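Consider the two complexes below, in which chain A is the common component and chain B and chain C are the respective partners.
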Partner chain A sequence: MRINQGFSLVHVWGVLSRIPKTRNPWGYLGFAALLFLVIWVWTIQIDRSLGISAFASGWILFGILAFLSLFSARKRLPFLPLASSSRWFHLHAVGGFLALFLFWLHTGGMWSQGLYGQILTALFYITSISGVGGLVIEKIYPRQLTYSGIEIIYERIPGEIAEIREEVESLILKCTEETGSSTLAEHYLETLSWYFQRPRFFMNNIFGSHLSQHWVRQQCMILERFLDKNERKYLDGIYVLAEKKRKIDFHYALQTLLKTWLLVHIPLAAAVMAMVFWHLILIQVFFV
Partner chain B sequence: MAITTQVRPQRWDQPFGLFMTDQDVERLLAIPEISAIEESKFPSHCPLRGILKNDARIVKYTAGDIVIREGDYGNSAFLVLDGSLKVVLFPGLPGEMLGRRAVRKKNLWQVLKQLWNQRKVPEVRDVKRYGLQALVRDADDLGAAHVFLQDIPAILDKNKTASLGRGALFGELAALGRTPRTSTIFAETDAELLEIRWQGLREFRKYDQGWRRLFDKRYRSNALNAHLRATSIFAHLDDEDLQEVADATHFENYGKYDWHLTYKKLRTEDKTHGMKDEPVIAHQGDYSDGILMVRAGFARISVDRGNGQQTLTYLGTGDFYGADELYRAWQGELNVSLRVTITALGYAEMLRVPSKIVEKHLFPYWSSGKKRERKNISESSIALRRLQDFIDQPLTDGALMEWAVEERFINGTQAMLINLDRCVRCDDCVRACAATHDGNPRFIRHGKTFENWMVANACMHCADPVCMIGCPTGAIHRTMSGGIVVINDDTCIGCETCANSCPYSNIRMVSIRDEVGSFITDPQNQKPILKATKCDLCADQISGPACVFACPHDAMRRVDFKEAGLDENKSGF
Partner chain C sequence: MEENKFDHDQSHYERPNLPYRCGRAALWQTPCNQGPEADGTCGGIRECNPFLKNDRWECRRDKKFGGPCEDGPGSGGKCSIQRPPCAPRSTLRVIRGRLVVLAVGVVLALIGSSLALDPRVGGIVSISNAGPLSKSHAKFTEKVGCPSCHVAHGKGPVAWIKAVFNNSDLSTQCVNCHSFGGPSFKAHNANLSPDRKVQGTQCVMCHREHGGPTMSTRFLTPEQCGSCHKNTFESFERGHPEFSEKFPYFNRNSIKFDHNSHLKKHFDNPKFSDKAPDSCAGCHTITLSDREIRPEGYEVVCAACHDSQIKKKELILIRLPELMQDLIDRKLLVQACNLPHSQSKKEEEFLSVSTEQLALVSAFLLNIPEDDLETYDQPLQDLILAMAEESHVPFADLINQQTPEPMAMSLLAGLNPEVLKRAACSWGLNQEYEPPAEAMFGGWYADMLEVRYKPSGHADPVAKSWVEFALAVSSSQENDDKTVRAQAMRDQLLSSKDGVGGCIKCHAVTSNKDLKHHFQLKVNWNYGKVSDSPYVRYKHEDHIDILGTKSSCLNCHTLNTEVDYMASFKDYDPGNWVSNFESIRKETCSQCHSETQINLECQRCHIYHLKPSFKKEMLAVKADPPSST
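And then the complex of A and B:
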């Protein structure tokens, strides 16, 4: 396919892939705004020459949405020489913001008329919000994970927690055998076992709260006054393991969100594409 | 409480040859090359007989067996006791004949074919492909399998060869210098060879004048001139002057050749402990007596700081140090001493070019209006940065390098470095690697971390590839172009030698499956057939390493620490 003035899709891709990459979300936004301005001016000129600018903005929007959905396919084909994934990500982010601006231009407002249009708009907004949300957490969370002081592979988290739980329980058994006191064991059964059972404080970790840290410290402090010197030695050991578990919980929460936001974004994007496609057919059949 | 006791481990607890007897030693002592050695020169803790019994072994080869392959790394030399060998000189045997894999980039069609050739189960192999294993002779008494050549007359017809007969010694330069073998040698007739591991060679060189002279003479005639010529500071010399420099150069060895065996233990020790144990090559504050050049291995450059040593950088093969100090002293500056301490990292083989020779051949050249050139050249020895910059930098600026040196990541030429501040832990890199490698990733996105940097468990394609030492079939090798360390799956016999040798645990053994997904087993014992796998840097992919290509956040790079620009703001990484 050739566009006038001798440009081909290969040339367009060549130009796109030379655009300097930015890692700043404001950079993506700014670049998208710049492109939008060009398109907006063009649509004004179409209107002035008594054309229908909605067709132009609609087709461009469709093209951009199609390009955005290709990113997911590109990720599944890492061996194809289709430019680096980071280049795609950059263009995907810019294209996402541009699609949002073009959507407003195309619909002539923030919301649409008619049930079909409203469903499409709602899906489009949720997809956009999930995309922007994903972009933000991908910018913020990696550093937070680094600063936690540990590094753990997501799939190994259940195993790690089970290992910690075993260590804690063996410490408690040892304490009971050595000191003859069941205080620590009882407290474990009443309270701490809940904590060591599986990842906890998910939402608190997502929002950066220190509740889990406070909870762990509090549980150990509550118990301390009921223990003698020998038992406290074991409590110290449990506290160290509880702190390790807290960091793992933190990784679990953040990594879960980093991995699962795409489970919202991609299916919704697919639904948007399907509805856009049907919208396109209807427009072609009834209005052109 | 019961105390566990153990006899203190001794040097020769693990002899090189399990079946060496006193009769074998007596026999060896009678052959001219060994009988010429003065037994009395050897200390009581390291007698000649002990070396022969424990650091050497007698190996038998059948006609056609390959003894050493061009490009292989090895840690032993050979003395021909009986039989005749052939050295393949020109044009050399094709890689396939040596058990190597020809790495070719896939064309577009082959790349596209990967779309529908993906298997549901990992590590599927076409067993018919393993025809080359027919060229592997079963393990002998020593546990070593031999690759043999077929149709020797045709090989002799097509290649220029030289003969080695009884009494010939070969392989010592590559063994002592940790450099690749330069030729392929195979048994022309049934042959018996004495294989001496590097520890024994080192003692021979140390205690026997004759062997030392032999080694030094061979090194001077075979490799030293080329090494000096390749060094920028002597590039201007003509052949005669270069020969004079070569004749005056001293050889020095520091540290242990098999540093990788103790590396993992070292990691668990106190951080400063390892450095204290490093052999000192030159000490800060001493007067320089020559230019120090690294022939093989690595050396740490450090300065006294507080109560410890601060690592500034390191020297690798071809790097040198000491020219600046000597030059300043030659120009009349008083009390010029070494500004740094140089220690061997693991092991280092050094060349010391005496100051008199340097003053005769180098400094007049530098002072004859070539000052600018001198500056560039002398600084090139430490990665184009002025030494003073390293000394002046705050501790935090050099911390990453300090860590990389401490962990020996400097050995890597393609270390997988992940910027954790950018990595969203999406594992796209892992999936991309699996998609391009039989459905199984060739690395683990996990490893040692420092600040926001992680060196993942991926093959680093080391400058000193200890994994290649001891591979019985030469399956693990460097590609002729690019120097990437790859494994030929067809000739890998799953012995795990490479995986056990890798100090960084970056080689993994996998059980292979047939076309229907069942594990392929050995009919004799029903155990699964293992193959060694590791990162091959996607040598056959046209888009380069899939892991880097697949990272949406530019969080991953393959780096040589010396060249890596790791400043996020300056380099964009």
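And then the complex of A and C:
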């Protein structure tokens, strides 16, 4: 027999899990646009009755910013049944745009007067811009990573690179021992060792350039004419490893950006919230 | 990648939420199996931590890292595979956390330093500053600073906490300097009856500071006005009520200038046409004109045609009337006039030298009928003897008896005692007084049977005083006979034909209630104030700038040729009058002020506040004393 407890986390989880999951953000966008429209009309009504609409828009904006801040808290509490991370991401993105429009509605312009208002505005804009940048990255890079053909955990990239490097070096040693030629080894020491040392062509990978691919191919083609048949066999093996390393480099560059844009967004968002609290204190003390 | 590479038995768990990562991996070397310790020290100096089992040390290297090593642990339980320690690095999560702390810390430091170092003391910029003040407010707050308006400023955290839970009531600070013609915190500062509900207001509902050099004042829209006013409408064009019937000519003019007769008759007369103005601007000052366009002064507008008329209209103070018998004590007269003794003997048969009537002024002063010889014979001859003895003194006494405040000083100003005495001496001898020369330049003079005053020109003070005297005494007599005589004198002095200077030909006379609710007649010597509509504004200059100075006035001000303008001045009630011009209708303004042309918000024509001003303390200029160096 099931005992009716009125409320339980299991019950909440059941409700949340029944919410249809969608990857389509247009529903959220539509809701946000509607919400903004309602708030806008409301502030107009307040202004018409000679009220101060900035209070209404300000408190709503504060609520939206507090909700946006909860996204970070949600990530730290993955065990709680608080809807899926993707839903939170969509709500965070749409809420961010809503906050931007509410900010303009609240301030009545693009820029503020006074030092603290200007600091707050500047922080808000930089946070918003970093958020929009992050959103673009989050939408484009994962797809490109999938298209690269490999999957790799970001934290394991150093180990993978070291492993590839060891494999390349063991191939070269074997080649030298077997063929008695040092051509491949010398070329490795002069040129290829730089490439296998650590991830390379970071910016080229970020912007989707194929320079690293051309570079690897060119280095192998240059050497090919100086090698005999046996040595070419080893060179082919090195080329395969170099290609694998190139893909790992690509992963490293994109995943680095996917992780490090938050180093800008989250601290600035925290600073914005600190300034918002200061703004609230000043308004409550000196204006209300 | 190999598919089974990340299987649980092939690789270890990555835990990016731990604070440290392997230093070898950070240098792109193969990371160790164990990874850093929680305190940030290297955990990869040895491959495993051997376990003592049955007196034998066993290798505990995990299967995914190759399983137990060949050499195994040493006899002391030490792992045989040793490495130099690495320097573990912080994970991205830790770096992010530090940046968050740093960002919030910078903000808190800014706020803290701002509070600790007051900009007025240390010259450090204030992070609490909400923005620059408007020019006017910046000036008077430069010494006191923020506490001028924000009471809690600079009073410490306790006052701040109190302020959070109390209304800061900024508007109360505003009215320390600003004042209005009514209650400061009621809509429109209107002092309406308690029955009518008026919304309470606060200054911050419309006025905002900290927006830069220009004060931010909310410009009220028709919708906002409609939040209180029941008669709501969209715009001036749509729904604004029609102007009142007399708009904008509510009050009678203080100067009787008949535009109809001047424009249609006199200015076309070849005799005056060369002196006539060529447009309205010829008489009215249009530069810097605001709500009212006043005419230029008398000298510019009227003098060319009317100046000579003023001097022609004289006052007769006293006239020797026809007398029945000689009642003057001749001895006293001869003595007073220093006449030869031969003159002291009276003629046996008296025949009056004058056949005229007594002047109304002296008839009033003596309170005698001007046409009854039997009644005025004795008092008048007593007056003539007194004039011969003391010149103007008896007149001054008579005048000063008529009004609460003595007026003889102003009424008889410039009167030469010798003239009066000589005239009295001649009349006492039943002779006409013969002046030594014709009076040409104005002032008091005696001529034959009269003592007259000739105004010197416009705004002659003696003439004005006599008009005011006549008005003052006409309504303050207890005796009916005297009242009749006072009114007769008044009617003569106010007459445009016979009155002294003809003042009342142009100046209106208005009946006003005094403090005791008695009706008093007053002459409008100056242009009257504009109608008392404190919530309405109109600027002529702006309109003339656009429409031009020649005939633009006629766009709104149309002559009404059918009304009898001058009839409005026959009685003294200023409310009962009709203007020379047609009243202005809403359609006149709508010709230009429509939604498609020049739209009008309410505040273009209506002022929100009632008589906004400053308190006296604000207007008092307190100059700092110069420093003694």
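Convention: the second predicted complex is superposed on the first by the 251 of 288 C-alpha atoms of A that agree within 3 Å, B and C clash if a C-alpha of one lies under 4 Å from a C-alpha of the other, contacts with A are read in each partner's own complex, and residues count from 1 in each chain.
In this section, a contact is a pair of C-beta atoms (placed from the backbone, for glycine too) under 8 Å apart; a residue touches a chain by one contact, two chains touch by 3 or more.
Please read all numbers here as calculations on a predicted model, not as lab measurements.
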item	value
Touched partner set for A:I153, first chain B, second chain C, both or neither	both
First (chain B), second (chain C), both or neither touched by A:K259	both
Which of chain B and chain C A:D236 touches, first, second, both or neither	neither
Which of chain B and chain C A:E190 touches, first, second, both or neither	neither
Touched partner set for A:E224, first chain B, second chain C, both or neither	neither
Partner chain in contact with A:Q113 - chain B first, chain C second, else both or neither	second
Chain B versus chain C as contact partner of A:E138, first or second or both or neither	first
Partner chain(s) touched by A:E178 [first = chain B, second = chain C, both, neither]	neither
First (chain B), second (chain C), both or neither touched by A:S86	first
Superposed model, chain A: greater residue contact from chain B or chain C	C
Shared contact residues on chain A - chain B and chain C	151, 153-154, 259
Complex contact set, residues of chain C against chain A	1, 6, 11, 14, 16, 21-22, 24-26, 28-31, 92, 95-96, 99-100, 102-104, 106-108, 110-111, 125-132, 150, 152-153, 160, 163-164, 167-168, 170, 201, 204-206, 210-212, 218, 221, 223-224, 226-227
Residues of chain B defined as touching chain A within the complex	108, 111-112, 114-115, 420-428, 431-432, 435-436, 444-446, 449, 451-452, 454, 541-543, 546, 548-555, 572
Contact footprint of chain B on chain A as seen in their complex	21, 23, 75-81, 84-86, 88-89, 138, 141-143, 145-146, 151, 153-154, 255, 258-259
Complex interface listing, chain A residues touching chain C	47-52, 112-117, 119, 150-156, 158-159, 161-163, 166, 197-199, 259-260, 262-263, 266-268, 270-271, 274-275, 278, 281-282, 284-288
